Amino acid sequence: MLGAAIPFYILSFLVLFFAYKTITSPNPIHCALHLAITMINLAFIFFGLNSPFIGGVQLVVYAGAVMVLFVMVLMLFDLKTEVRAFSRGLFSSFLKVASSGFLAGILIVGVLMSTDMLDVTSDSVGVGVKATSSTDIALLLFNQYVFAFEVLGLLLLLVAVGAVAVSRIPGGTHAND
Amino acid sequence: MSTQFEMLDLLLVSPAIALFLASLIPLAIKVLRGNTESNSVATIMYGLVGVVTAMVLTLANYGIDKVAFQGALRFDGLSFWMQMVVLVVAAVTLILSRDNPATNNRLFSEYVFLLLNSLVGMMIVAWSNDLMSLFIGIETMSLCLYILIALSSEPRKSKEAAFKYFVLGSFASAIMLYGISFIYGTVGSTYIQDITQVSIQLMNTNRLFLFGVVLTILGLCFKVSVFPFHSWTPDVYQGAPTPLTAFMSTGVKAVSLAFFLRFIAMEVIVSERAILLMNALEWLAAFTILAGNIAAIMQDNLKRMLAYSSVAHSGYVMMGILAAGVGGESILGASGVVFYIVAYTIMTLGAFGILVLFEKRAESSLEVSDLSGLGARNPWAAACITIFMLSLAGIPPTVGFFGKLFIFSAAVKQGFFWLAVWGVIGSVISVYYYLRPIVTMYMQNDEGASVLQTKGLTRLAISVLAISVIVFGFIAESIYSTVTSDLASLFF
Amino acid sequence: MNEQLLLGLLVVLPFLGFLFNGIRFTSKNYKLAGTVASTASGLCFLISLTLVAKLIGMPEGERVITSHFFDWFLAGDFSVSASFLLDPINAVMILVITGVGTLIHIFSIGYISHDERPSKYFAYLNLFLMNMLILVLGDNLLVMFVGWEGVGLCSYLLIGFWFSDPEKAAAGMKAFITNRIGDAGFLLGIFMLFLSFGTVTFSEIATRLPETAEMMWTGPITLACLFLFIGATGKSAQIPLYVWLPDAMAGPTPVSALIHAATMVTAGVYMIVRMSDVFVLAPLVMNVIAIIGALTALGAATIGMTQWDIKKILAYSTVSQLGYMFLAVGVGAFIPAMFHLMTHAFFKALMFLGSGSVIHAMADEQDVRKMGGLKKYMPITHFTFLLGWLAIIGAPPLAGFFSKDEILWYSFASPAGHWSLWVAGVIAAGCTAFYMTRLMCLTFWGESRVPKEVHPHESPVSMTFPLIVLGVLSVVGGWIGIPHVLGAIIPGHPPNVLEHWLEPVVRMLKPEHASAAVEFALMGISLSVAGISAYFAYDFYLVHKDRPTMVTKKLGGLYSLVSDKYRIDEFYFGRIINPLIDLSKGLWLYIDINFIDKMTYLASDMVKGSGQFLRSLQNGNLQQYALYISLGVVVTITYILMGS
Amino acid sequence: MPMTEAFLNVGLNHYLILSALLFTMGMIGVLMRKNVIVILMGIELMLNAVNLSFISFSSYSGNLNGQIMVFFVMTIAAAEAAVGLALAVAIYKRYKEINIRFFEQLRG
Amino acid sequence: MLLSLLIFLPLVYALIVMALPARFSRPVSLALSGLHFVFSLVLLARFDVTTADLQFVEQMDWVKSFGISYFVGIDGISLWLVMLTTFLTPLTILGSWTAITDKVKGFHVAMLALEATMIGTFLAMDAVLFYVFFEASLIPMYFMIGIWGGARRIYATVKFFIYTMFGSLFMLVALIALMFMTQEMLGGQMSASILDFYKLEIPFVAGQFLNSQTLLFFAFALAFAIKVPMFPFHTWLPDAHVEAPTPGSVILAGVMLKMGTYGFMRLGLPLFPEAVEYWSWLFMLLAVVGIIYGALVAMVQPDIKKLVAYSSVSHMGYVVLGLFAFNAYGLTGGLYQMLNHGISTGALFLMVGMIYERTHSREISQYGGLAKAAPWYTILFVIVTMSSIAVPMTNGFIGEFLILLGGFEANPIFGAMAVLGVVLGASYMLWMVKRVFFGGEGEIVTKYKSAGLDLNIREAVVMAPLIVLIFWMGIFPNHFLRGSKASLEHLEKNMRTYELGIHNPSQKDQSEKYSMAEERGE
C-alpha cells in the first residue's frame, strides 16, 4: 500500500510543482524547461499505470520533440525574463483564478463522489491486466482505429504543409521571393 | 482480429478520399512548376472537380444507414445532408476565394489544398459516431482553418484572428477532450451507440459521466459559438478573409451542430437528473439568441454584424437541438435543425459571399454606411442583399422563415414555450439590424464608398443562392419531409 | 297623384334645387339661383297643402299617410327603413316649414343680391329645407336623426357662410359641435329606446308602449327620455346648450329667420311632441323639461334686455320663446307647444326678416344704438315689425297672445304644472315685453342716430312682400287656436281648430280643475305685467333717456353679469374647452411622446445598453475570452450540481 | 482510520484528482500568462492532464482504448504545437511581438 | 382559380411593370390595377350571398408534414375588404401620378406587390398562409415609406416594421401551438387550416392569465392590436403616416390597418370565444380609451396628416369596440366601419397629399382661407370630413351608429363613453377645417395662390369614386351589407361553436348571386 503510495505522492508533487513553475516562471525558457520536467514526471506516472508504451511515447514525443520545438522557438525569439509575466486586471485575474480553482474543486468533489460507482476495480493498479504490450496497442490501432490513424497521418501532412505555408505567408519573413 | 475493415467502408468514405486526392493536384502542380502559382481558375477547377466527385459519391450513398470502421463512422441521413451542405459550401467558397484578393495570393494552391482537407475534416465530423473520431475530425478541420486564416494577404487582422481562433480553439478542445475522457472512463467506450445504452442510467447515478457530458457539450457549444463561448466568433469572422468566414460560419457550424444533434440524440438530457442540464442549455440558447442579436445591433462593420447574427442563429438551432433531445417527438426537432442548417447555410453563404464582391483589396472592410445608395447604383447587388437579409430576419416567404417556423414548431411542441418567446423577442431585435443595410441601400441617397467588383463566377454563385432562398421557401415541404424520413434512424 | 310620390317629391324637389345651385355654386346670377330655389320651395309648399288637404279629407283618427322608399339598413334584428310618415303633427310642421321657408327664400333674393356666392347660399337653403323635411317626415327615429344632423350641418354651413371672417367660421363650428353634444344624447336615447322596445319606428313604439308601461319599471324609458331631451336642448338651444344660438347670428339674417327662429330650433319641441306618448311615462323627465324650459325662458329674456345688437336681442328672444315651448311640453301641454311653435315661427321670422331688412338698409349695421327713427325711412318694415312686436309681447288678439297664454295657463293648471312655473313664465313675459319695446324704441322710434354716411331706405318688393305676408300671419295665425274660455265669450264662438286637429294623435295632460275664472284672472295678470313692462321700456328709452344708465348703475354687478350673458361662454371656455385642449396637449406630450414612445425608446435603449455592455465585454483580449469560456463551464456545472 | 486509508490507498481517485489539478494549472497558465508561447505551454499542460485522466481510466478498467486515445491526443497536441508555434513565429517575425495584448485589434 | 388569380395577378403585373421602361410604369400599372378591380367585380358578381360558407375555395398541400396548405376562400367577411383593396389601389396609383417622381418603376412594383399581399391576407384560410401574407405585406410598405417618405422616413419605417413584426411573431408562436392542438384533435395529422382551428376546444380558465386559451388569445391579440393599432400600441402610426408618401398613407390607413381588425374577426373572436368573452371588457376599454384619446390628441396636432393619423386611431377604436361588443350590430358595424374608414380616411390622406404637393406644407397654422383659393377642393374635403365624423347619409354614420348601438348593448358605460367620441370627432375635424379652409388667408395660401391650388381634372377623377361611394354606402348600405349578412349572422349566432363549411356550388337551388340582386335594383 505504502509502496504504491510513496512514489505516487512524490511524482504527483513533482508534477504539480513543476507545472506550477511552468506557469509562473517569468522567463519563458524556464517555463519550457519546467514543462519538460513535468512531462518526464508524467511519463513516469504512466509507467506506474502499466502503460509503458504511452510513457515512452510521452518521453519521445512530448519531452523530446515538442519541447525541443518550444525551446527552439524561444531561442529564435531570444526572449529575456519578463517584467510583467501576468495579464493585468485585478478583478479579471481574480475571476480567472477563482473560476479555475472552482472548476478544480467541483471536479475533485465530483471525482470523490463518483468513482466508487464506476464499473472498475479501484483497489489496485491494473488487477487482472498485464502491463500493456505495444502489440496489443498496435492491433487496436490498426483494427478498430485504423481510420482515425490514417486521418492522423493526413493531419500531420496538413500541418507540415501548413507550417511551411505559414512561414511563407505574404508579408512574412520570406516575403521577398 | 482477422479483418480490419471491409471494402464497403472505403467506399463509404470515398468522398473524403476523393477530396484528399483532388487536394493534392494543385499542390503537386505547384511543386512541379517550381513553386510558382498556376492559373487560379485551374486551381479551383481541380478543387471543384474534387468537390463534384465527392458530391456524386455522396449521392451514390444516399439512403443508406451503415456504420463503418467498427462503428467509428456512421453513414445515415444526417451525415448525408451534412455532407451535401458542406460540399456546397466548399464549392461556393472555392469560387469566392478565387475572386477575393485576400485569399487569391501566391499561396493559393496551398490554400486550396488546406481548404479541401478542412472539408475532409468536416465530413469526418459529420460522419463520426465516436467521440474520438469526432475529436480528430474537429482537429483536422480546425487546424486547417487556423492556417488558412493566417494565409490571408491581409497582414494584421487575419493573423490576429488566426491566433485567437487557434488558442481559444485549442483551449476548448482541451476542455472537450477532458469531458470525453470522463465519458470514456465511465462508459468504457467512446462510441455513441455504447454510450446511448447506458446514458440515461448513468446520467442519474454518475457525476463523472455528467461532467463528461457537460464538458463535451460545452466544447461543442464553443464550435457552434453559443453564449458565452461565442466571444471568438466576431473577432475571427471579422479578421478572416471573407470567403473563409463564409466557409467557417456555415461549414464548421453545420457539422458541429450535426454532431451536437447526434450527441443529444443519445438521450443525455432525457433523464430526470438531466433536467437541469436541459434547463442550463435552454438558458444558453436564450442568452445566445439575445446576446447575438443585441450585440449585432451595435455593429457598423457588416462582417462583424453578420458574425453576431450567426451567433444568434446558433441560438435558434439550439432550440431545435433541445427539442430533439428531450424525447417524444424528437424527430421534429431534428428535422427542424437540419432544415434550419440548410436554410442558414444558403442565406449566410450568400450574405458573406456578396461581401466578397465589395473587397477590392485584402484590407478592405465594409461598413454599413458604405452601402448607401447601392439600390440605385447596383440594383442586382442591392436586391441580393435584401433577399438575404430578409431571409435571415425570417420574413416570409423566404427559406429563413420556414427554418424559423420549423424550429419554433419543434420547440413549442416539445414544451419549450418560453424559449420560443425568447426566440421571438430575439427575432424582433434582429429585424432592426437586418433592416439597416436595406435602409442604407435604398433609403439613403448619398453615395456610399462601396464599389462592386465584376466577378462573374461569384455573381453567378450569389444569384443562384439568392434564387434558392426564395425557391427553397416554396419547396420547403419537400425538403423538410425528405429530411424527416432521412433522419428517422437517428433516434433509437 | 298618389301620396307616396308626393311625400317623396317633398324631399326630392329641394334636393334638385340644391343640386342645381350647388353645381354652379360659383355663379353670381342671384336671380336665377333665387328663382330656382324659391320655386322648389314654393312647389313644396303647394305639395304640402295638397297633402294636408288630403289628410283633412281622411276620417279623424286615421289621418296617416306613409310612404316606404327602401330598407335603409339591417343588422341582426335591427332594421330601419327609409320611410316617411305624415300625420296631423307634422302636417303643421311641413306647412310652417315650407310656407315660412318659401317666404324666406323669396326674401333672400333681395337680401343676398350683393353677395359673391348667391348660388351657394340658395343651394344651402334648399339643402336645409330638404333636411328639415326629412326630420319632420321621418317615420322612425333614425330617419329623423338623418334630418336632425342634416339641419345641423346646414346650419353649420350657413352660419359660416361668410367663412373668411374667422369669428363667423368659429360660430358655425360652435353651433355644430354644441349640436353634436345634443346629438350624442339623442343617439343614446335611440339606443335606449331600441333596447327597450326593439324598434325605432314611431308607430311600433306606440303599439309596444302599453306592454312596457305595464311593467311599471320605467327606468330605461326615463333614461331614454332624458337622453332625447339632451338632444333637444342641443338643437333647440336650451340650458345648458343654448350658447350656440346667439353666436349663430353670424349667419345671413334670412338664415337666422328660417333656421334659428322658425324651423330648425323647434325640432326639439317637435321631437318631444312626436314622442309624447313615451315622455308622459317619464314624469321625472317631464319635470326636468319644464324647469329647464322655464329657466331658459327667464334667463334668456333677462339677457335680451341688456343686448345692443339687434340680432342678438332677437336671438335671446328666440331662446326665451323656445323655453316657453319646453315649459309647455314639460307640463304636458303638447298642443299649446305646437301652437306656440307655429305662431312663434310667424312672428319671429317676421321680426328677423324685418331686422334683416333694417340691416340691409343700414349697410350691415346691427347696433341698435346707431339706429333710431327708422320709421320714416322704412314704413313697411316698421309696420310689419310693429305687428311682430305686438304679437310677441302677447297683445290680444294677435297670434302670440293666444299661444303664450295657453302655455302659461297649462303651466299653472296642468297636473304636471306648478305655480312657480307660471310665475317664471309671467316674469319672462314681462321681460319679453320690455326688451321688445326697447328694441322698437331704439330702432324705429325716437330721433335718428344713424351715421351720416348711411342712407337708410326701404327694401325692394321681394323683401317687403314676405314681411307683409308674415305680418298678416302674425295677426291671424293665432286664430286657429283660440282657447275655449275665450272662444266661449267671443262672438261666433270660434273653435280651437288646432286642438281638434291634433287631439286624436297627441295625448295631453289636461288640467284637472279647469276654472274659467282663474284662467281669466291669470290671463289678466300676465297681460298687465306685459303692458307695464312695455310702458317702462317706452318710458326708459323714449321719454326719460337717462333712466337706463341710472338703473344700470344701481344694479351694478348684477347688470354686468346679465349683460355678459351670465358669463356662461366664459365658463365653458375657461372651465371645459380650454382645459380639455390643455389636457389633450398634455396627453399628446406626456402620454404619447413622453410615455409610450419613451417606453419603446427605453426598451430600445435597454437593448442598446446591453449591446454596449456586450461590446465592452468583447474587449479583444484573448484571455478574457478564455475566461468567459471557463466561467461558462463553471457556472453551467455549478448550476447543474446545485439542483442535484 | 478511513481518512488515512483513503490517503494511502492510492486509487483511481488520486490520479483523477491529480489530473484535475494539472488541468487547472494549465488553464490558469492560458488565462494568466502574457507570453503567447507560455500560453501554448498551458494548453500542452491541459492536454497532458487529459492524457493522465485517459490513462488512469484505461488502466483501472483494463480497457486499452484509452491508451490509443492518448496516443492520438499526443499526436494532435504535437501538431497543434507545431501550428501554434508556426503562427507565433510568423507573427513575431513581422511584428516582433509575442505579448498577448498585441492581439486586441479585433474587438467590440 | 379565381381567387388565386386575384392574389397573384398583381404580382404578374408587377413583373410586367418591372420589365417595361420607367416611363410606362404609371399608365401600365394604372391600367392593370384598374383591370384588376374589374376582375374583382367579376368575383363580386359570382359571390353567393345566401351562405356563410367559404366560396371559391382552393386547397393545395404546401407543407404537408405540418398540415400547412395553400388554402384560400372567401366569405362575407373577406369579400368587402378584398373589394376595398382592389378599389383603392388604382385610385392610389392615379392619385400619386405626380407625387412620386423618383424611382417611379420601383414604386409601382411595390404598390402592386402590396396589393397582392393584402388580398392574400384577406383570402388566406390557412393560418400560416395568412401569416405569410400578413408579414410579407410589410415589405413593400416598408420600402414605400422608407424610399419615398419624408425627412424622418427611416425612423418611421423601421418603427413601423419592428412594431408590427413584434406582435406578429407572437402570433406565429401561437399559431404553431394551435397547429399542434389540431394534431391532437385530428389524431396525428397536423393542420394549419383555420377551419380546423375553429373546431378546437381550447381549455380556458376564467380569471387566470396562464391558461392556454387566454395566452393564445393574447398572443393573437397583441399582433392584431398593434396592427389596428389600439391604444397604447398606436404610436407607430402617426410617425408612419406623417413620413409616408401619400399613396403609402392611403394604403396603410385604407387597407393595412384593417388586417388587424380582420384578424380579430377571422381568428381572434371565433377561436377563443371564452377568452374573448371574459376579456372583452379590457378590449372594449382600450377601444374606448383609443376613441377618446385618439380624438383628443388629434385635436391638438399641428400637422394635418398627423391629425388624420390620430383620427385613424380613434376610428379604429370604434371598429374594435364593435367587434368586441360581439353582437350583430357591433359586428356589422365593425365590418362596415372598416370599409368606411378605408374610404374616408383614404380620401382624407389623398386630399392632404394633393394640397401638400402644391404647397409642401402640412402645418395647419400656415393655412387658412383655403376655401376661397380652392373651392372645389374645399367642397370635397368637407364632404369627406362629414363622412369621417359620421354625418348621416354618409357611410360613416351607418358604421358608427351600429357600433355604438352594439357597444351600448354590450356595455352601456363604454357605449356611452364611446358616444362622447362622436362629439370629439366632430370637434377636431371641424376645428381643423376651420383653421385650414376658413378665416383669413394663411401665409402659405397667399404664397401659392397664384399657382392654382384647386383640384385638377386628374385629382377630381380620383376623388369622384370615393365621393360617390361615401354617399352610396351611406344611403344604400344594404347593397353592401347583404354580402356580409350571412357570414356575420353565422359568426354572431355561433360564437361558442363557430365553424365554417365549404360552399358547394353545385347546390344551385338556394344560391343568390350578387349580380342578381343588382339587376333587381335592390
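Each chain carries a letter (A, B, C, D and E) given by its place in the written order, and its residues are counted from 1.
Convention: contacts are C-beta pairs under 8 Å (C-beta built on N, C-alpha and C of every residue); 3 or more make two chains touch, one makes a residue touch a chain.
Quick caveat, the model's predicted, so the values are computed rather than measured.
K.L.:
Which chains sit in contact with both members of the pair chain C and chain D?
P.N.:
Touching chain C and chain D alike, sorted by label: A, B.
K.L.:
How many steps does it take, at the fewest, to get from chain D to chain E if each step moves to a chain that touches the one before?
P.N.:
2
K.L.:
With chain centres set to the mean of the C-alpha atoms, which chain is at the far end from chain A?
P.N.:
Checked the centroid distances; the maximum from chain A is C.
K.L.:
Which chain wins if you rank chains by how close their C-alpha centre is to the centre of all protein C-alpha atoms?
P.N.:
Minimum centroid-to-centroid distance belongs to E.
K.L.:
Go ahead and name the chain pair joined by the largest number of contacting C-beta pairs.
P.N.:
A-D
K.L.:
Calculate how many whole Å lie between the centre of chain A and the centre of chain E, each centre taken as the average of the chain's C-alpha atoms.
P.N.:
The mean C-alpha positions of chain A and chain E differ by 70 Å.
K.L.:
Quick check: how many Å separate the C-alpha centres of chain B and chain C?
P.N.:
79
K.L.:
Centroid of chain A to centroid of chain B, CA atoms only: how many Å?
P.N.:
So the centroids are 30 Å from each other.
K.L.:
Between chain A and chain C, what's the gap in Å when you average each chain's C-alpha atoms?
P.N.:
Measuring from centre to centre gives 102 Å for this pair.
K.L.:
Of all residues in chain A, which are in touch with two or more distinct other chains?
P.N.:
87, 96, 100, 103, 107, 110-111, 115, 118-120, 144-145, 148, 152, 155, 159, 162-163, 166, 169, 171
K.L.:
Two or more other chains touching the same residue: where does that happen in chain B?
P.N.:
In chain B, the residues touching two or more other chains are 132, 136, 139, 143, 146-147, 150, 155, 163-164, 167, 171, 175, 185, 188, 207, 210-211, 234-235, 298.
K.L.:
Where in chain D do residues touch two or more other chains at once?
P.N.:
As it turns out, chain D has residues touching two or more other chains at 16, 23, 26-27, 30-32, 39-40, 56-57, 61, 65, 68, 72, 76, 79, 83, 86-88, 90, 94, 100-101, 103, 105-108.
K.L.:
For each chain, which other chains does it touch, given as pairs?
P.N.:
Every pair of chains meeting the touch criterion: A-B, A-C, A-D, B-C, B-D, B-E, C-D, C-E.
K.L.:
Given the complex with chain D, which residues does chain A contribute to the contact?
P.N.:
Touching chain D: residues 1-2, 4-5, 8-9, 12, 15-16, 19-20, 22-23, 28, 31-32, 35, 38-39, 42, 45-46, 49-51, 53-54, 57-58, 61-62, 65-66, 69-70, 73-74, 76-77, 79, 82, 84-87, 93, 96-97, 100-101, 103-104, 107-108, 111-112, 115, 118-129, 132, 136-137, 140-141, 144-145, 148, 152, 155-156, 159, 162-163, 166-167, 169, 171-173 of chain A.
K.L.:
Using the touch rule from the top, collect the residues of chain C that touch chain A in their complex.
P.N.:
621, 623-624, 627, 630-631, 633-634, 637-638, 641
K.L.:
Name, in rising order, each residue of chain B that touches chain D in their complex.
P.N.:
132, 135-136, 139, 143, 146-147, 150, 155-157, 159-164, 166-167, 170-171, 174-175, 177-178, 180-182, 184-185, 188-190, 234-236, 238-239, 298-299, 304
K.L.:
Report the residues of chain B in contact with chain C in the complex, numbered from low to high.
P.N.:
163-164, 167-168, 171-172, 175, 207, 210-211, 214-215, 218, 221-222, 227-229, 231-232, 234-235, 273, 275-277, 279-280, 283-284, 290-291, 294-295, 297-298, 429
K.L.:
Along chain D, where are the residues that touch chain C in the complex?
P.N.:
Touching chain C: residues 27, 30-32, 39, 100-101, 103-108 of chain D.
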